[in-house]
Amino acid sequence: MIIMETNQIMIFSGAILLIATFGIVTRRGFADWLGAYRYQSIVLAAVTALIAYVTGIWEIYIAAGLTLVIKSIIIPKVLLYVTRNLEIEFKVETNPYVSLRASVIISAFLVALSYFLTQQIPFKSDQIVSTYLPISIALFLIGLFVIVNRRSALNQVVGLLIIENGLFLFTLTLTHGVSLIIEMGIFADILIGIIISSILLLRISRTFDSLDVGKLQNLRDD
Amino acid sequence: MLWDPHWLTIMISNLALFQIPILLFLVGALSGLLSRNSRLARPMTFVPAMIGSIFTIIFSIDIITGTSLKLTIPHMLPFFNVEIFVDGISAFFILIIGIVSFAVSLYSIGYSKEYETKKRISIFGFLFNIFILSMILVVSSNNAFYFLIFWELMSLVSFFLVIYDHDKEENLKSGITYLVMTHFGTALIFVSFLLGYIQTGSFSFDSLRESSASFPWLVKNLVFVFAFIGFGVKAGIVPLHTWLPHAHPSAPSNVSALMSAVMIKMGIYGMVRTVFDFSGFGASPDFAWWGVLMVAVGSISSVSGVLYAVIERDIKRALAYSSIENIGIILIGLGLSVIFAAYHLVALSVLAFIASMYHTINHAIFKGLLFMGAGSVVYATHSKNIEDLGGIIKQMPWTTLLFLIGAASIVGLPPFNGFVSEWLTLQAFLSSYQIPSAILQISIAFAILPFALTIGIASATFVRLFGITFLSRARNRHALNIKEVPRSMIIGMAVLAAACILLGILASLGISLISSAFHLPSQPSSPLDGIMLQNNAKNAVHLSMPFVLILFSAMAVGAFGFIRTIGGKTGKTTYGTWDCGVGNLNEKMEYTATSLSQPIRAVFKVFFKPHNITSKELFVSTNQYLIKSIKFNSITKNIFEESLYQPIISSTLRVLDKIRRIQTGKINSYLLYIMITAVLLLLFVRLSH
Amino acid sequence: MELADIFSGSNRAILALLLTPAMGAVLVTVARQKRISEIVTISTAFLILIQVFFIVSKIISEKTITAFGNTFYIDSFGAIILLPISIVGLVSAMYSVNYMGRQYDNGMIDMKHITRYYQGLNVFLLTMLIVPIANNMGIMWVTVEATTLVSVLLIMLYFKQNAIESAWKYLIIATVGLSFALIGITFFYYANINVENSSDAMNWTEMMHNSKLFDPNLVKIAFIFILIGFGTKAGLAPMHTWLPDAHSEAPTPVSALLSGVLLNCAFYCIVRFHIISSSTIGPAFSSQLLIILAVISVGIAAASIYFQKDMKRMLAFSSVEHMGVISLGIGFGGLLGVYGALLQIINHAIVKPMMFFASGTITQKYETKAISKITGLIKVMPATGVLFLIGGLALVGMPPFNIFLSEFLILGAGLKSGQFLATSLVIIFLVITFAVFLRHVIRMVFGNPFPEIKKGSMGRLAIIPVAILGSLVFILGVYIPEQLQTLVHNASAIINQGGST
Amino acid sequence: MPSIAEIVIGIVQSLFIIAFSPLMVGIMNKTKARTQKRIGSSVFQPYYDIIKLVRKDEVISDQSSWIFRSSPWINFVAIGTAVFFIPVFLSYSPFGLVGDILLVIGLFALARFFTMLAGLDVSSSFGGFGVSRDMMMSMLLEPALFLTIFVVSLTYGGSNISGIVAASANSSLVSHPQLLFAMIAMFVITLGETGRLPFGNSSTHLELTMIHEAMVLEYSGKSLALIEWSSAIKQLILLSLIINIFVPWGISSSVSAPLLTAGLLVFIVKVSLLAISIAFLESRVARWRLFRLPDLIAMAIASSMIGVVFFYL
């Protein structure tokens, strides 16, 4: 009986996670999507805690805590800090390749795709996997799509972040956090990656005085 | 045989005989490289090369008359052992290499003097020695892998020699063309060997020899086709010849001599190996088409080669084109031999084979001689354009005489060697009626037309080349006040000229050499004998040059005596050439090389597509008839480059241009590629599930 | 584990190997002086080389080494990756002295950069050293990701527009790609714990042990993710797009490391999982994928080289081509193919840095990377010119240089395994590459230099590293020592244990 | 090995050709003169010319070299040597053991090679255009001749003239239709090789009509005599080849006085008839334009090609 409920909860939480992701996809301005991301991270932390509760592996609580701390507090702080003295127009996604409205639809397609792709994977009737695996893949694909779609370098970072959340959920789902050291390593890598990319952002904005990756086309072969 | 070198092998085993020349060439290379001092450099590089060549000749003759040499050095590299196997076939080609390289290295002592001032002679000597060495190793290696290594080494070194004057842009261009085309050829050879490897599971030629007979029909044909095209590139068959007329003139003349005389024969070597040694050429009519292909390609090569040669103004390029022609003749012989063998006409096959090999060694000799002669002309006049030359005979009598001998031989005049090989080839043609297949008979009968045409045009070519270059009077300052080339160069040429006459008069010497090298069923006879072909029941054909010479001298004596007796002694007065009473003929009024070949251009306008540009300069524009000066320019097209190579190259480049544009510089598109690839692959797996 | 057995046998060796570059980085940071950092880096690289040689000889004798439980695991295959890392590491450390020294003297960079550069170099070496010896796939992934970050930092050394642009592209694309790889790894892990839930299910040895029982579909999907992921890092088309930018904009010694070593490390990861997947579902699947990507890579490289205007970009694209050839060899499989691929890994790791060093010297001499502006090298700087020519000839697979052998083996394997279409396509592409690549090289080496270029070489330190590699290029072309042969042989046995096509 | 008698006969018949050849030229000139309603010079005029010429001093161009001086001799010797392989009134020549018809062609080529060089050696435009025209002609005539020979030797087996003539002596044209085509070709070739109309007119020195003469324009005295004579010999060789290959009847097949004399007489009659007919033809046709001549030769080539096909049918 209780299992039933947890199932529903899990599916429900997954849905919320997806909605949060759509929220990020639709956000145009930097502050907006950062907020959305913070919201998504909190949901993710909750999901992590849920998984910890279901599997009863205590390390995962640590992971959840870390997620909460790093993703919903540190990373937004870092980003805000490094981009504090960027002009505002750099921070807004002016014209993505696909309009944000259409991109929501595409994201929906991607969710469907991920469900379609993950069907052949044997779940061994593992409720967690069967619930969160497609969602994590979907997060991953959506994040990828966001990077592809956006023109502003700053707004490509958000794609990275979504991908990273997807990865986190994915590894958590499949490994049940057994290899926590590695999770830590992944965290560290992502964190450094974000920092480096934001340093790069500064460099770009200084040398190209724009964050439009369309400007980054000196190195090409035609 | 007349000369029997076994007295030598009593002292030295043939392995040592093989190692000595290699060591000598290496010594020559290194000492050349180390000798900073230019005056010493020339002897230090070329003298070892000469001695090495002598030993090479001895070695090859020893192999031909004795037993073949085989040795293996394992474990240098994984999978491949260094396998050396020198049998008669290799020895025959090694002999060619030895003879020519001896003459050329002798010649080079004098010739390379002019490079002392401008260039690093030491590098040249190094490359020169390595070049000869690589050719020797190519023919003696018995393993596909090492064969290709030496083959590519040969190409590489010759490439460096071609671009030795890399200050000139066109030399670089021709060098690159050469390197690329020869590499293309190598790729095909590689594929052909690999096909063999797939069948046998070993890269050693032995396995090909043993088991190639059991290959499937298709594989045999593929092996042949790939090898034929691949080696054909090096041999310069039309239409894969385009590198040759550019590369050979660009190289220094002594190198062009080596390349044209010896290196392109490596292609012939490869074909002989592939067709007659392995690839399981079963003597059955389903392989007759190999021969037909060879004859067809040979005919095309010979005719188009000689047609380009006859209108060419650059003396070295004309010689290069004539190399293409002669390769064609050699191929015709080989092809006939294959056809005859396919129908079990052993005797005829042997005849055609002998003819072709005879022409191979002949061409090596006289083309080496001619290129050295051209080199001497360039050495003296610093001009390759025959329109600038003329009257050289007066200042350079020796070069002229030797070049004339070369020309007479290549045209195929009795009593020089060219005549013998062409005579043999024609005899093979004349015997073609014994093939039991009407369609083949007729097609071969039609193939004699291009062959005969080739012989005809060849004589025109060399009349023009020799006459314009050496005779009458100097056409401009290039040919004025020049002097005869150094003695070493003349001796170098004289060696080959002597060989021309020797092989022309003592024909059966050459024939018995060939037949003992290739173990052919024909009894070696005393070199003074004539050739006797009992190629059909009715009557035998004879050719005995010594007797012809006797008749010659008899006629000469008789005629002279007769004329003197009735005519008595009469005086000679020298006077100006008849000028129709106008007076002061000058070099401007001489017939030029271009106008000399004008009728030929007109007759073969289909091939040359000539068009003339005449630009007049008038005194007054209103009056067309008062012409101050008139400029005439006759241009011929190269149909192969224009209608075959240009389209291929341009279309390839267009495709490449399309492909490389994916590097747009947009990070978004880059990520899109990744995404698409991932999704496609995943869908593929999912749907295949 | 006990403190005692940390310092026991193999653990000590591994620990020493990893501590050397770490100490180097620390010392450089402490010293903050040009001369000292140079000496420190060279000596660390040298020590690494020696230790690697010890380890490799140990591997040759006893096949495998494990350390710290099963966290570290070296077999012949890993050893083959280790060798180039150590060699190229040392040589580029030596080359850096001259190259960065000149940049410093020209005032392009200041002391801060120098320190940062040498720190980066040491850490870079450290991360790359961990990749082929890590048994735990998670650690492997983390270190690969770390290499990306370090190399991005090294590329960002200058404030030049192009450097920043390429760094950005490199960072984003590589990170995205590696996240694919992580998914793949996790899938494999999942497949493993589905079979048997053990604590070190993340270890390659464990996976290999259970691989027969894995779920085929899972393995297929997993391998695709792995291929895309590490393929991006290894520069397989069409994920190669970051490579020409990053490799051409990095400081030359770093370009050498990126092209010569880092690509191998990434490809090493692919092969590890190729082994597992072929033991699960047979090699056909992964081989086909490898071959497809390989053919695309070689073709795109051939196309891009012809129109190339920038010397270093040209070299980068030739790296794409060679990675293609390597994966072709693995894809064709069989003793010949794998053997050839492994030799190709070593050979490419020797030739490409050589070319990059030479091109760096040339760039500093001519003050341009534009191919059209560089002519007559042989007259301006004979030694470098000749070495550059040798490298170019080796790169296009001209005997008697080393790459000829490996490409010969690979193509042979191709025909033997019946992949006629792929082989013939690749042969065509290789001939095209030969033509277009050599055309550029020959035009650069020969001909007449522009009058404003004054003759004279760039000092001994610029030539020695190139000469060392050049001699290796020639030697390995004509003679391969017995030990190396056995090593490569064992490695190919390991790769083929999944069975071959 | 041939008997002494045969060898003697062989030498005799070759000397006969050499001696008899100027008379042929005389006969032809006489015929032409007659057809043109002229008395014309005596048939022995060529002999007088030769004797006169050999007595005269020579004038040699100061531009010329030893090539120019030696060329007439080489010419004469080469063609004179070729004579030895031609059966005249004995159906085989003992010198068939030395060479065959290909050697004859080779010797002709040798002669022509040096004539051309001599033409170029004196730096006059006459020599130049003479050579360039002769180049074109010979370049085409040589293959034509080869093909004709090919047909003949296919028919009679082998390229040994003695064998051919012997074989043809006891067979007839009718049984070998391909020989008709060969004969047409051979006839055209003969006209071309001897520079007869419509190819060239040996009796003028207009620069438009000259081909052969232009090359030898500079010659005088002994050299000129040799050149005239050797061209006469060449002409007779070709004529006797036509006769002995295609209409060999009457030729003696063995060494016996009556047969030989009969053979000799028949030969003289046949060859004179042929010469006269050629002369008649020459007075009928006009000279063709230079660039139409290749068509004529092509016709010859084509007809021998048809001959080949006929042989195999």
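Labels A, B, C and D are assigned to the chains in the order they are written; within every chain, residues are numbered from 1.
Basically, a residue touches a chain if its C-beta (ideal position, glycine included) is under 8 Å from a C-beta of that chain, and two chains touch if they have at least 3 such contacts.
All of these numbers come straight from a predicted model, not from anything done at the bench.
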{"item": "Which two chains share the largest set of C-beta contact pairs", "value": "B-D"}
{"item": "Farthest-lying chain, centroid of Cα atoms versus that of chain C", "value": "D"}
{"item": "Whole-Å separation of chain centres (CA-atom averages), chain A against chain D", "value": "101"}
{"item": "Interchain centroid distance [CA atoms averaged], chain B/chain D, Å", "value": "35"}
{"item": "Inter-centroid spacing, chain D versus chain C (mean Cα positions, whole Å)", "value": "79"}
{"item": "Centroid distance [mean C-alpha coordinates] between chain C and chain B, Å", "value": "45"}
{"item": "Residue numbers of chain B (touch at least two other chains)", "value": "660, 663, 667, 671, 674, 682, 685, 689"}
{"item": "Junction residues of chain D - those touching two or more other chains", "value": "none"}
{"item": "Residues of chain C engaged with two or more neighbouring chains", "value": "168-169, 172, 176, 217, 221, 244, 304, 307"}
{"item": "Pairwise chain contacts under the document criterion", "value": "A-B, A-C, B-C, B-D"}
{"item": "Residues of chain A touching chain C in the complex", "value": "117, 120-122, 124, 129, 137, 140, 144, 147, 153, 156, 160, 163-164, 167, 170-171, 174-175, 178-179, 181-182, 185-186, 188-189, 192-193, 196-197, 199-200, 203-204, 207-208, 213, 216, 218-219, 221"}
{"item": "Complex contact set, residues of chain B against chain D", "value": "390-391, 393-394, 404, 408, 411-414, 419, 423, 426-427, 429-430, 433, 438, 441-442, 445-446, 448-449, 451-453, 455-457, 459-460, 463-464, 466-468, 471-473, 530, 533, 535-544, 547-548, 551-552, 555-556, 558-560, 563, 566-568, 570-579, 585, 587, 589-591, 595-600, 602-603"}
{"item": "Complex contacts: residues of chain B adjacent to chain C", "value": "75-79, 145, 148-149, 152-153, 156, 163, 166-167, 169, 172, 175-176, 179-180, 183-184, 187, 190-191, 194-195, 197-198, 652-653, 655-657, 659-660, 662-663, 667, 670-671, 673-674, 677-678, 681-682, 685, 689"}
{"item": "Of all residues in chain B, those that touch chain A in their complex", "value": "660-661, 663-668, 671-672, 674-675, 679, 682-683, 685-686, 689"}
{"item": "Chain B partner contacts - residues on chain D that touch it in the complex", "value": "51, 54-67, 73, 76-78, 80-81, 84, 95-100, 102-103, 106-107, 109-110, 112-113, 116-117, 119-129, 131-133, 135-136, 138-143, 146-147, 150, 153-154, 156-160, 162-163, 166-167, 217-218, 221-222, 225-226, 290-291, 294, 301, 305, 308-309, 311-312"}
